[in-house]
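Questions regarding the structure given below will be posed in turn.
A, B, C and D label the chains in the order they appear, each numbered from 1.
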Amino acid sequence: MSLDLSGIWAPLVTPFTADEEVDLEALAFNVELYGQTPLRGYVALGTTGEFVHLSDDERGRVIETVVRAARGDHRPVMAGVGGHATRVAVEQARRAADAGAQALLVWPPFYYKAQMDAEALVDYFTAVADASPVPVILYHIPQNTGVALSPAVVGELAAHPRIAGIKDSSGQPSQTIAFLREGGPGFAVFVGSTTALLAGLAAGAAGGILATANVAPYECCEVYEHGRAGRWTEAAEVYRRVAAVDELLSRLGLGAMKAALEMLGYRGGYPRRPLVRPDEAELDRLRLLLREQRLLGC
Amino acid sequence: MSLDLSGIWAPLVTPFTADEEVDLEALAFNVELYGQTPLRGYVALGTTGEFVHLSDDERGRVIETVVRAARGDHRPVMAGVGGHATRVAVEQARRAADAGAQALLVWPPFYYKAQMDAEALVDYFTAVADASPVPVILYHIPQNTGVALSPAVVGELAAHPRIAGIKDSSGQPSQTIAFLREGGPGFAVFVGSTTALLAGLAAGAAGGILATANVAPYECCEVYEHGRAGRWTEAAEVYRRVAAVDELLSRLGLGAMKAALEMLGYRGGYPRRPLVRPDEAELDRLRLLLREQRLLGC
Amino acid sequence: MSLDLSGIWAPLVTPFTADEEVDLEALAFNVELYGQTPLRGYVALGTTGEFVHLSDDERGRVIETVVRAARGDHRPVMAGVGGHATRVAVEQARRAADAGAQALLVWPPFYYKAQMDAEALVDYFTAVADASPVPVILYHIPQNTGVALSPAVVGELAAHPRIAGIKDSSGQPSQTIAFLREGGPGFAVFVGSTTALLAGLAAGAAGGILATANVAPYECCEVYEHGRAGRWTEAAEVYRRVAAVDELLSRLGLGAMKAALEMLGYRGGYPRRPLVRPDEAELDRLRLLLREQRLLGC
Amino acid sequence: MSLDLSGIWAPLVTPFTADEEVDLEALAFNVELYGQTPLRGYVALGTTGEFVHLSDDERGRVIETVVRAARGDHRPVMAGVGGHATRVAVEQARRAADAGAQALLVWPPFYYKAQMDAEALVDYFTAVADASPVPVILYHIPQNTGVALSPAVVGELAAHPRIAGIKDSSGQPSQTIAFLREGGPGFAVFVGSTTALLAGLAAGAAGGILATANVAPYECCEVYEHGRAGRWTEAAEVYRRVAAVDELLSRLGLGAMKAALEMLGYRGGYPRRPLVRPDEAELDRLRLLLREQRLLGC
C-alpha cells in the first residue's frame, strides 16, 4: 500500500442546512480551507460526519465531494462504512471505494450485542476486508457502539493483508498501548480522541483521526509534528490547549462542534435532529474557551 | 383507534435463504400457519425480524408480504421503524404505513448515546408520532440499544394522541410496572420478553410481543388467555414451559430461534451474517428442551 | 439439613436512632410483630439490613437480637456475610453461626471486579461453604455489587453439600429460570425482588427473600401461599399490590423503606448516612401508594 | 498546608506471607529500598495496598509501619480510608491520622450505588473532610467502585478548605482535564494510572499516584521530573516503557504486581485470596516484558 497511514486526519463534519439537507457546497468549502493546513488526510462519514444520519445516496455524494475537493491537494480520503449485517457492510465498502475513498474506517455491528463475540467480529471484519479494494482501518468506539474490540481480536485481524490499522476512540491510552502491542509493527494505530493524543503518540501511535482537528487543524498537526520530531515540550504545550477544547466539545456534542466551526470561519451548519445546537449559555462558554485557548480572535 | 392493542403478537422472523436473500415465500408460509393460532397480530421487522439487517426496499416487501398474508385472517400488522436521525425515522414510518402497517413499533436513536437525554428522546418520538398516520408503540430494549426510556419520558410521551403504548423488552417486571403507572389507563404496555410475561400480565400489561411466540404461539396465547380470564393457575403452568424455552433461545441468539422454527415445521431459514446458526451440540440441547417442554414431538 | 429453605423470609431493616446508633430494641419489637405473620424466617444483615454499614461487633449483636426475638416463634434466622478477602468472609461466616444464625446469605467480593472470574468466585464461595457449619445461600445482586454470578458458576457451586441455594435479586425472571435449571432439584432459588415474585414462584422458585416483606409481610406470604396451592388467580391479585409498592420503594431507596415502616406501626428508624430519609413530597407519594394498595389505613 | 501534594507517590502493596498474614517486615523493607529513589511520598492502603482486605487493626499497623519506615527520609504518607457509611469513613479518617498519616485518600461509598447522587457524595466527602485533621484527596476509580465522581461534584468539593485534590484512576485523560478545570488553581489532581501519566502531566496534573511506581519508581519519577522541567522528549521516552509495563500489570491483576516486585528484589509476597498469583506462563510473559522495558536484568 502506498497510502501513508500516519499523521493527523480530520473526520469532517457533514454540514446540513437549516432544513437538514446535506450542504455539499459548505463541505467543499471546508475542505478547501483545510487545504491550507498540514492535515494529512480526511475522513468522510465518521462519527463526526454523522454517518448514521445519512442515506446511501447522500453518503455517496459526500464521499465524492470530499474526494474531488481534496484532489487538488493530493490528500487521501478515508470513508466510514459499516452495517449490522456483514453483506451491508461489504456493499458499503464497495460503494465507498467506487466513490473514490482510498481507505475505509469500518464499524462493528452493534445491535445484536450479545452475539458479537470474537468469532462474529473476526468473521465480519474479514469479510469486509476481503471485499475491499482499499486498506481497512478498524473502528473502536465502545462508548457509542457498546461493542468493544479486544486486543486479541485486533491482533488476529491485523494479520489480514488489507487490515492496515485501527482508530482507537476509547480515550484510554491503555487501549492504544494494547492495540499497538497486539497489532505489531506496520499496524497503524490512530488515536481517535484528542485528549488521548499526546499519550498515544508517545506510545507509538501512527497518528490521529481527531474530531477536534476540524476546529483546530493547525494545532492538532503541531502536536503530531513536534512529537514526531521528538520535540515533546512543544507538543505538550499545544496538546494542553487542544485537549481542553476537545474535553468541552465532547461533552456538549456534535451540535457544539458545528457551532464552533461557524465561530471560526468554517461552515459547520446544523446537525440532524434529534441532535441540536447547544443553547446560548453553552455557546458563550464555548466561545470563551476557544478564546482562552487562542483558537478564536487572536 | 379501532385497532385492538392487546393479546399476544408474534414478532416474525424474516427467513433468509442459504445465500442470505429474503425468502418472502417462507415468510408468507409462516403467516399462513400462524393463521390457525389464536395470535392477535404480527410484528414485521422487529428485533427478531432483523430490521437492522434489511434495506429499505426489503423492508417494504417484508411488510407487504405479511400484510397480504395476514389479510385473510383479519389480523393487524405492526411494523418496526426507526432511525438515528429523526427524519429517517419519520420517513420509515410513512413508508411502513404506506406498505400497509396498521401500527408502528419505534426504536429510539442509539448511536449518539450521550446526547439521548429526555429532551432529545421526546423530540424524536413526538416527531415520528406527529408524522405517523397509525398508532405508535415505543420500543424499550436497552440491552440492544444502550438507550433506556425512563418512566418519566414514557409518561410524557403517553399524552400524545398517537402514542398508544410501549413494548418493554427489558425482561424486568419492575420496568413494566413503572411504565403502566406512568402511562396511565389506556396506554398499552406490551411485555416484550416471555420470561417476564406472567408478571407483566398480572401487573396489568395489555399483552405481549414475544419472540418465543414464533415457536410456541399456542402456548403463549394460552398464558394470556388464562391470565385474562383469571385462571392464573393454568397460566402459570404453561408459562413455566414457554419461559424455559425463551431463556435458552435468548441466550443462543436468533440463529437458534430460526433453527427451532425449522424443527417445528415452520420455515426459519438462516439469519444474516455475522449472526449464525448454533453448532450441533447447541441444536441438540435445543431439541431436548423443546421435547421436554412438549413443543416438539408430542 | 432440616432447615426449611422455602417460603417468604423478611430481610429485616436494622433500625438506627436519630444519632445513628443501632436500636436493638426497635429491631426486637419488629420481630415480635412479625411473629404474628406467616413469615417463614428472617434474614439479618442483608442489603435491607445495611450489612455494609455495621461493625463486626454491631453485626454480632444484631444477629443475636434477631435470633433471640425469633426463638419464641421457632423461626429460623439467616445472616448476611461476606468480605472482599476470602478469609474475612470465612471469619464472618463463623461469627454469624456462633451468634446463632441457622443459614448464611453470602455476598461475592466486589472491589477487584476485573479479577472476579469464575475461578475466583468458585474458590471464594467454596472456602466459605467449607468453613460454614450451616447452609449457605449465594447472593446474586449485580446492581449493587457489579459482579454477576453466571448460571454456570452457580451450577458448579450447587454441587457443594453446604451450598443450599441462591437469592436472585436481579429482578429478571430469566435469571431465576437459569439458576433453577443449573441448580437442579433440591437447590433452593429465592426470588430477591418482589416485582419478580410471581414469575419466580411460577417458574419453580422455593420462596422469596423480599425487602417489601418488611412492610407487607401478610401480602407477600399470601402471594406465596396462593401460588404454592395453585391458586394463581388470588396470587396475581395480591402480587399486583405488593409489586407496585416494591417498585416505588426500590426507586426511593432504603430511607423510604424505613419511613414506610414507621407509617405502618413498625419501628423503621433512620438509615445511616449518606443514606437519608426521602423528603416530604416523596413521603406523601409513598403514603398515597400505601393507601391505594390497601397497606395503610384500611 | 505545608504538605507538598505533587510528584510521584507509590501506593504501596501490602505484602502477605504464604498463609496470608500481613508481613510488616517486608513492608518496611520495601519502604527502606524506596528511600533511595526520588519518590515524593507513599500511599498506604490504596487499591494496590488491598485496603478492602484488611481489618481495622491491620490497617493501623500498616500505616504505622510505613510512617515509621518513611520517617528517616522525611517523606509523607497518605492513607486510604473510606466506608459505606459516613460515620465509618469518619472513624477511619481519625484512626489513620492518629496512626500518623499526613493526608487521606478517600473512597466514595459504593454499595448503594443507585442512591449515590451528587447530594449524597457531597455530604459524605464533606463530613470526612470536616473530621479530618489532615488534607483529603478524593479517590475516583469507577472501574472498581461503579461510582463516578462528576466534574461538577468535584468542583463543589474543591471549595472545602481541607479537600486538597483528587486521584483520577479512570485512565482517561479527558477526566483528568475536567477535574483540573473544575478544581481550579491549587487543587492537586494526581494521575492514578501510569498509562495516563504523560497526558495528565502535560495537561497540568500535580503528579501521579501510580501502582507501577512500586516496580518502576525511578522511571515513573523520571517521567515526572522531565515533564516538570519541560523535557517532554525525555519524558515521552521513559513513559513508553512504564506504560507498557502498566498495561500488562493492570490486566494481570495485583498478584502479578506482587510477583513482579519479587523479580525485582523487593518483597511483594502474596495477595489475599480470592486474588492469586498468575500462573507460570503469565509470569514468563511478565519477566519478558520487564526485560524488554529494561526494568529487569540490565
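Some observations on this one:
In the analysis below, a residue touches a chain if its C-beta (ideal position, glycine included) is under 8 Å from a C-beta of that chain, and two chains touch if they have at least 3 such contacts.
The structure displayed is predicted, hence computed values, not measured ones.
With steps allowed only between chains in touch, the distance from subunit B over to subunit D comes to 2. Distance between subunit A and subunit C, defined via averaged C-alpha coordinates, is recorded as 49 Å.
Work out the mean CA point of subunit C and of subunit D, and you get 35 Å between them.
The set of subunit D residues touching two or more other chains is empty. Viewed as a contact network, the protein chains form a single closed ring in which every chain touches exactly two others. Remark: the chains found to touch one another pair up as A-B, A-D, B-C, C-D. Remark: subunit A residues 20, 47, 50, 52-55, 84-88, 109, 111-116, 120-121, 123-124, 127, 143-146, 253-254, 272-276 touch subunit B in the complex. Those residues of subunit B that touch subunit C in the shared complex are 171-174, 177-178, 181, 193, 195-199, 201-204, 227, 230-236, 239-240, 243-244, 246-247, 250-251.
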